[in-house]
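Each of the next two complexes has chain A plus one other chain: chain B in the first, chain C in the second.
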Partner chain A sequence: MRPFTRSALRPYVCPSCRSGRLVGRRRFGSKPDQAPDVYDVVCVGGGPAGLGLLAALRASPLTSKLRVALIETQDLQKARAWSLDSQHFSNRVSSLTPSSVSFLKKIGAWEHLDTDRAQEYQEMQVWDGETDSRITFDWSADTSPFENLPTVATMTENANLVRGLLSRIAASGDENISIFSNTTVSSIENGTDHPDGPDLSAWPVLSLAPNGTAQSQLPTRIAARLLVGADGINSPVRRFADIATEGWDYNRHGVVATLSLADPDQVSFPIGTRTAYQRFLPSLGGPVALLPLPNNHATLVWSTTVENAAYLKSLSPKAFIAMVNAAFRLSMTDLKYMMRMERPANSASDYEDLHESELTWRLQHTPQASQVPPMVNGVQEGSVASFPLRFRHASTYISPRVALVGDAAHVIHPLAGQGLNLGMGDVASLSKTIEYAVDHGMDIGDILSLEKYTAERWAVNAKIGGVCDMLHKLYNVPGHGPVAWGRSLGLEIIDRLPFVKGFLMKNAEG
Partner chain B sequence: MSVLRRRGALSLRELSLSTPVTVVSCRARSFSVNNRPPPKYPGHVPLNFVERGALAVGSAVGALLNPRRADLIAACGEATATPYFIYRLRDAMLSDPTGRQILRERPRITSETLPLPYLRSLPENSVGRTYAAWLDREGVSPDTRDNVQYIDDEECAYVMQRYRECHDFYHAVTGLPTFVEGEIALKAFEFLNTLIPMTGLSMFAAVRLKPAERERFFALWLPWAVRSGLASKELINVYWEKILEKDVDELRGELGIEKPPDMREIRRMIREQKKREKERLQQSA
Partner chain C sequence: MTNLRPTIRKATSLLRHLNSPHRAHSTSVSADELSHFSSLANSWWDPMGPSRVLHLMNPLRHDFIASCLFDSLPPPRASAPETSTPVNNLRYLDVGCGGGIFAESLARTIPTNANSPSQTVTQAASITAIDPTSALIKIARDHARMDPKVEAHLRDGKFTYKNCTLEDIVASQRETPEDEKFDIVTLFEVLEHVDSNAASSPLAFLTNCLRVLRPGGWLVGSTIARTFPSFLVNQVIAEAPWPIGVVPRGTHEWSKFVNPDELYAWAQEGLMRSQDGASLRAGGDALQGMRWKCSGVMYFPGIGWKLVPGSENWGNYFWAIRKGL
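So, the complex of A and B:
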């Protein structure tokens, strides 16, 4: 944690006396002490978490008058103008739990989202590729048969969410708000004690630098009563606040892609019910998940070793589709073999058929699990990508005049699809904390006002992140040994005990 | 005893064909004699746990009493292969390009697919020639192999069939003869290589050996079997039909098999030595 600055420790001297005492020294100081622009909340990072916080602050009558600023390196104009036709989807998709959705509804952002592009699902099938033990998550145990099944989660493109949040913020007017897009934070340091102005020596002051196309009205230095770091895993705000993070890299990559599906074999009941599928592949380094998108599309998240991810990305579309279909159907032995299949030197067309013919042949001899996803029949061009999987957790989320939200505070394994939801939970909690501070006349940057936020969120995030980490480790033990036996037994038991399952689902929902 | 088992198996087969049943999976749920599921492949006889156990014990005892009953040894192999072992062997095949090719093409070894005259025409010291020479020396034919009937998974059934048909090639490559001493030595080698339980159970047949043979087995053949069995590659992944023209020493080197001493030769030498001793005794007497 950042050591308390000298101003916090030295005895109080009233500003007028101080200016008299220090005036001479200041005047001849080498720094051009131009007073920075002062904001109440400065948020670094314009991802879902940062924009969510801004939208939440603008939505509440208590905090809507705060002077807020948002700084984003990317061009937000592009995010505002983002649009795709109904048959194409971005490959960066997140599953929003009902509590995240209700938060977005509360702050009025949900209606700004293109909900035709969001897909709810009511059931989740999770099974172990090694032993085929299976668990089904749905709310059927808690619902009467005459009601519609409540959703387990809603799949939303991150771009759709960001655009919705931006338009929600735009709809709140442009008083007291500055959005500096295309701008980098070149440095963050403590301010100085201005002889005639405010004493900013304990305030973070950010130096801004335009990125490429310069904005004319850009102030070069802004001071923050509360600086919020929503700036991702390598958070500069966290570094400034000197908050330690612990964590490790999983040496795994998540391969993502947008896929189109064949028509399902049997009609879902009730009609319109969609299912998410996840199969753990212990020998390949992690689970593969197929999550529904509208118009019979789906998004793929395949956590696997770095070498396998590189192999998958190097495949032709046909072979990639065959591998995805195989991942949900074939045995570990077959998958391991298919992941190592050589690319023959002669021509590409032979090579494509290799994976496909292997799949067709093996399907004849592999007994199929009761519920497998419909066959994938297309992959959207250019949508296959991968990202490294890591675990990070900041030792605390607050420091005087600093708070961290989202990936800056915690990065977890995506196997439960909880990353963005934890970020939304942070935002909801932090905005409530700020509201409370404003309502009670407290300084919103004071560590005592912020305490509530870290107390509320740290343990929750550590718990979910820890569970995901534990599941990752448990489902990376290959073979049919005692570990596989134990985890399958545990899974089957949980599947048969509705109250335990309900408890877990409520926990996952946050 | 063995006659009884034979008849039992036959009646089971008749029953399974005559009763129309709807149970699909016979591994997932046990069944009684009244609702036996349909066979999964031609010749398949679905057995439940009790029947399988009885078959394993009965055939093992029968084979121990009469080691010439190849059908009992085969039945014992099938009855004891199912949990784990045959799946392991199949996965070993699936992890290997040649093994996969074999599973895909499912070749069978008979005197039709591998005509003896052709094998005899191959160059000296080639795999095919060695195989033919071994068949001729032992006076056996590849057509005496039974079909697999008690393994539920049709692919695993093929794996078992393949193991059975390749068994003679193992004999040929190691040069071990077909009488009990040679079979036990080869079975020990196979057990460490394929892990099929029946081959391990065959070690009990060592009780049938004569004391001198048993001594030789523990001093000579078993150490060889452990060494070669563990060091060599999975023999099930050898596509014998495609390497008939390869030099047999080269093949042994590739697979990591040591050539054991010639068992027939050793036995002949010992016999002669005994004869000489006897003659010497008679002369001295």
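So, the complex of A and C:
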């Protein structure tokens, strides 16, 4: 918690001094003067957050007339054309909370998603690999036994979400909207005072450059009434606005993979109920989670040390599957042993895999917990990948004519699957803020209009990011010492107090 | 002879008197207030500056005007073209616009494109904003240029800043037919800065506002009640040193505050006076079709301004008078 506290205790600079300090410093590259094309909202970054904001603005009658632009480095045509068959899934999957889903429904984007590829789950099993204390998250305390269990979250491929949002935006028509895909922002700087026209000296002006293949009729300079940074962890927009960001690297990687499962031993009740599993592995650096996908598939997120991640990625498919099955079943000692096993030099598949036989043997000597996920029996080719886990939080989300959303504002540990949901929450709040400002004749880039957004989101995101960070640290203490005892006691108590659990779940939902 | 007419000036007009050769006539202002308000001019548009509380109140003005229009909409002009879809067609006059906080926000709701099918809640088609202080008008014009949309309205004439007094507008409208006058006249945070003496009175000021309003139109304003709670809130707490106070010391003078019942009486009297002919005095007939609206607002630090019905006598309140058809 130390670095987190430090960010809270940073010396206070009053907001007006901060904005005064900005004027001289706002600069990111440079370009000669010519009259820019003026937009109301310019969004840098075409990920789920940026596209979500655009879709939300296009969906509201108050903001649909705003002149908006989106700039994305990647080719969005590929995202529009993304397609996979029903037995294959992308390895970048997010769990959308019901509030994120209802926001997507509200802006009319949900119907543009391929919902056959999305999987709801109604129950979540979380347990401690060291002490086996367990907590079950579901809404059974809040519902009668005769209704279907409400959803805890919905697993959705990011590519499916992005394609759906693009399709929603396309359905809103092409009036007042420009999407510059395959385009880089080469510089952002303040505009100039045009003596015969407006004074844009406090407006961000972006210089655009096409990526690779040159595009025709691309305006080179566009001015933004409100510049939205949805441009990820290294946000150039954040750098332009000179917004400080605090954080640290966890020195952990998240290993992801798309897996196929064996048929479950027992039929779930009620029929169709799917369960997500997460087991904390304190000795291996983080939790392993198996989240359901349609057609008896699942996505894996295994947060572990960088060395372990490299080891897992180097394994043959059979060995990888054995390690995943082991991660949900074996004791910490067994797992640590298997993580150090020699990899066979020749990965000939006709021999029985060493990891596989090791697992079979060790399972016979391990008492089985009551609720473990079905055995994994396949891994989709090319789906094993890893990404570094980091924590970042910007000191504020706004600056004159600038707002940050999604990863540009905050990056958190993925153990609660909240990252994308926080971004959706940002987008819902920012689009509401813009609506109010437009309705009341306010300048949407003005601090007075935007301060509502940062007030609404900063503390919420800090809280959820902080809880995830705390859980990460709590569940990285190996052995059976007082920390393990304490966290298990806490988990058992929460599991037995339905109202506390309900409160936590509602909080996690944002 | 205009300089002999009773002139009413708002506090924000004080800068003019600093430079004015006619300073001898400015009976409604004291030297203290002069220096106080001139020191505020530079920070007028600083969102974190001394005018912050005023900026925060601005969205509520839009809400209150919308509620007046919801109650009763000024009828379309005889000269107005028939349209199938609702359009913004109301003409606004903002009296004592100061640095333009309200005027600029209203100008932003005027559609750029005349064929725009959407209608905004304030239904503004044009706005004229006046203030007798040239320094403040300059601040307002300079700030308006920082927004291309507002700047475009300044150029196409839908938005006008005029450095003149209300009396100048009254004089220029003497020959204007009733139907061509303003639909909405706004008077935000002005009345409580008007002196009551031989040369000026809030009643005379209100009467002039009603003179430039067309029948069926609304005179909308906001001011502060002169009661014990308002003394406590506005004089003791709001003007307390930082971090408690939110308003610069010396902004308000409690004795000049106006109570809702006084205002209501002035509104009736003003309506009758504004319709006095050269020889014929308008009587109670002038009050036919009049409407009166009043709604208290309160500032909660950290939350902002909220409409609190029934709190009119506690401090700040919005009021509106509809001139009968």
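Keep this in mind: the second predicted complex is superposed on the first by the 469 of 510 C-alpha atoms of A that agree within 3 Å, B and C clash if a C-alpha of one lies under 4 Å from a C-alpha of the other, contacts with A are read in each partner's own complex, and residues count from 1 in each chain.
Basically, a contact is a pair of C-beta atoms (placed from the backbone, for glycine too) under 8 Å apart; a residue touches a chain by one contact, two chains touch by 3 or more.
Keep in mind that what you see is a predicted model, and the values were worked out from it rather than measured.
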Clash-or-fit label for the pair chain B, chain C on chain A: fit
Touched partner set for A:Val38, first chain B, second chain C, both or neither: second
Touched partner set for A:Tyr337, first chain B, second chain C, both or neither: first
Chain B or chain C, by number of chain A residues touched: C
Touched partner set for A:Asn377, first chain B, second chain C, both or neither: neither
Touched partner set for A:His365, first chain B, second chain C, both or neither: first
Partner chain(s) touched by A:Pro198 [first = chain B, second = chain C, both, neither]: second
Minimum C-alpha separation between chain B and chain C after superposing on chain A, in Å: 55
Common interface residues of chain A - those touching chain B in one complex and chain C in the other: none
Chain B residues within the chain A interface of the complex: 84, 91, 94-95, 100, 103-104, 154-155
Touching residues on chain C, where the partner in the complex is chain A: 46-49, 55-56, 58-59, 62-63, 104-109, 116, 118, 120-122, 142, 145-148, 151-152
Residue ranges of chain A touching chain C (in the complex, touch as defined): 14-16, 19, 38, 61, 65, 197-203, 223, 225, 436, 439-443, 446-448, 451
Contact footprint of chain B on chain A as seen in their complex: 331, 333-334, 336-337, 361, 365, 480
